[in-house]
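Common to both upcoming complexes is chain A, partnered first by chain B, then by chain C.
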Partner chain A sequence: MSPEALAALERYLLAMADDELVIGYRDTEWTGAAPMLEEDLAFSSIGLDEVGHARLFYALLHELTGENIDYRARRPDEYLHARLLELAAAPRYEPAGEHRSNRGWAFAIARQYLYDQFDALRLESVAASTWQPLAQAVDKVRREEKYHLLHTRTWIARLADQAATRERLNAALAECCAYVSGLFEPVAGEPALVAEGVVGAGSDSLQAAWSNVVGGELKRHGITLPLGLPAGQIDGDGGLGGRRGEHGAEWLQQWDDMTSVYRLDPAAIW
Partner chain B sequence: MAVFEVFSQQDPGGPYVHAGSVVAPDITLAGQYARNSFSRREDAFRLWIVPREAIHEEADLDLLRPPGDHRYRLGRYYRANVEKRKRLKTRVAEAAAEGRLA
Partner chain C sequence: MRGRLERQSGTMKAACQIDDQQVWERLRAVADPELPALSVVDLGMIRGITLAEGVLTVELMPTFLGCPALDLIRAAIEQALAPCGTVRAAIVRDEAWTSDRISAEGREKLSAAGFAPPSPVPLALMDWPASPCPCCGSLNTRLDSAFGPTPCRAIHYCRACRQPFEQFKAV
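So, the complex of A and B:
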């Protein structure tokens, strides 16, 4: 592997790992707040799967770099996840009594569905990676992701089925779409990864494939959205910047929550 | 929302054992929830998910545990008869050999 590809793979793996960690953490915030008890378990369990995948990708990074970096010890701007994934969905109860409803269940489902469709394509694109450790790791991850899509597809169908919930689903999908371009923001040096077969497809072709699949599935529920439009054509900046470490205010809150115990005593052995 | 009973099979070809129940709005979600609650340690080989209302319960003890003596129907009881007949046959054979039979 060329030095350019090596450096790009490091960023690519970090983006993959951070995506999984950040959405996984957001999913587990639904424990106790999902529409039913069984769903508390189901959605938190999906979140734990994602955190498990993040661990796997951080381990690959150790293997790649030979350095034993503690990925919990990073500043907020050193995380490379897409900004869509850091948005708060579950209600939040502060000990002081303040309560924020946040974006709600339809948003959590819409985001998980859109992300998992993206993740499935990304995993497919590295399943035949010329960097063997990545190709091997991905097989296990893909089998677990199968359940995630099964579950979120079921929920998309349920929410699309009735007028009241359909409205919420549409609003949630629209809000997600304003951030969707961020999923397909390439890491620096991506062309080298594609040229050397470390990654099978670049972000552009992933986005085209994603728009086809997601557009086709949602159409069956009678939903059409400005999916896959370039950032300029939808509200906001398309959620770009994440792959360069640029994030929003909600991420600072999440980072603060996620690392609060670790920061109490960074030297502690768990 | 309805209750669904979940039965799990631990090994291929093995019996299905009642694992517990889930509450869900339909059978599709019930199946997905069952997987979470009853195969979390990846221990199930297959799951059966059954709407509770599809289960007919039989609890009449007059039918299940009739008061009469029905031991003669049991295999164990029949075995005792076989042994008894074997002993009789031996005795008859011995008696014949000793010329005690007419």
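So, the complex of A and C:
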């Protein structure tokens, strides 16, 4: 592997790991707050899986660089996840008594579905990676991810089925679409990864494939959305910046939550 | 493998001889904390054991990557084998654990503990094959949720005996 590809692979693995960690953490916020008990369990379980996948990718990064990544001991601008994933969906109860309802459960379903479809294509694109440890490790991840898509696709169909829930789903998908370009923001040096077969497909072709899959499935449910538009044609910035460590205010809150116990005593052994 | 390990404690020198059969025997006593009826061997979580430079390495395959019991299982393995010397439970990343690795004995123990066996992963939730009820054996059952109390289990309901039950998921 060339030095350029090696440096890019570090960022690529970090982006994969941080994506999984950040959405996994957001998923677990539904424990006890989802509309029904089965969804408490489902989101908690999906969240556990995602955090487990993050752990695997951090371990691969360790194998690649020899450096151990402690996800808690990083500054907020050192995380490379897509900004879509840091948005708060579950309701939040402040200790002082204030209640924030946030974006809600339809948004959580819409985001999980759009992300899982993206993640499935990304995993497929590294399944034949020329960097063996990555190619071998993703087989396990793909087997587990099947259940996530099975779940979210079913919910998309159910929510699309009735007028009232369909309206909520549409609004949630539209809100996600303002951020989806961030999923396809390439890490610096991506062309070297594609040229050397470390990843099978660049971000552009991933986005094209994703638009086909997601657009086709939503269309069967009678939903059309501005999916796959270039960032400039979407309101706002398209959720870009995450792969360079640029994030929004909600991320700072999540980072603060995620690392608060660790920061009380970084030397403590748990 | 025929391994011989030497262990020193203080000024006393005690030699601990162990062969792979004894290692497997000890591993058969390490239970999955979330499925105490089954051992890590029944679940097919042990890919192999190797001895090199005085370190006994146990290759451990996670059933699910995010399994919160994984660290406990690792610690339990290292503790169970501690009398044999320096032990390291290493997580296998280059090969996926699949539910096909559960042994025949493991499947019997699952059933006896009230779990339905894994069935093939369907393409849609509504196509999930009916799981046999572990209480009455009926196939008149339905999937309630693909996600149960742990990442590796799904929840079903038996219409015949009106009993909810869990299934070990296929991966």
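Following the convention adopted for this analysis, the second predicted complex is superposed on the first by the 269 of 270 C-alpha atoms of A that agree within 3 Å, B and C clash if a C-alpha of one lies under 4 Å from a C-alpha of the other, contacts with A are read in each partner's own complex, and residues count from 1 in each chain.
Everything below uses one rule, namely that a contact is a pair of C-beta atoms (placed from the backbone, for glycine too) under 8 Å apart; a residue touches a chain by one contact, two chains touch by 3 or more.
Since the structure is predicted, the reported quantities are computational estimates derived from the model, not experimental observations.
S.K.: Taking chain A as the common reference, can chain B and chain C both be placed on it without clashing, or not? Answer clash or fit.
M.R.: When both complexes are placed onto chain A, chain B and chain C end up clashing with one another.
S.K.: Let me test your reading of the model: by the given contact rule, A:42 touches which partner, first (chain B), second (chain C), both or neither?
M.R.: both
S.K.: Applying the touch criterion given at the start, work out whether A:151 contacts chain B, chain C, both or neither, answering first, second, both or neither.
M.R.: In the superposed model, A:151 contacts both chain B and chain C.
S.K.: Touching A:195, do we find chain B (first), chain C (second), both, or neither?
M.R.: neither
S.K.: After superposing on the shared chain, does chain C or chain B touch more chain A residues?
M.R.: C
S.K.: Applying the document's definition of touch, where does A:141 land relative to chain B and chain C: first, second, both, or neither?
M.R.: second
S.K.: So, A:133: does it touch chain B (first), chain C (second), both, or neither?
M.R.: second
S.K.: By the touch definition above, which chain A residues appear in both interfaces, chain B in one complex and chain C in the other?
M.R.: 38, 41-42, 45, 147, 150-151, 154
S.K.: For a test of understanding, state which residues of chain C touch chain A in their complex under the given definition.
M.R.: Interface residues on chain C, with respect to chain A: 62, 64-68, 91, 93-98, 121-122, 124-126, 144-151, 155, 169, 171.
S.K.: Can you list the chain A residues touching chain C in their complex?
M.R.: 24, 38, 41-42, 44-46, 48-53, 55-56, 59-60, 132-133, 136-137, 139-141, 143-144, 146-147, 150-151, 153-154
S.K.: Mind listing the chain B positions that touch chain A in their complex?
M.R.: Within the complex, chain B contacts chain A at residues 1, 22-25, 28-29, 32-33, 35-37, 40.
S.K.: List the residues on chain A that touch chain B in their complex, please.
M.R.: Residues in contact with chain B: 36-39, 41-42, 45, 147, 150-151, 154, 158.
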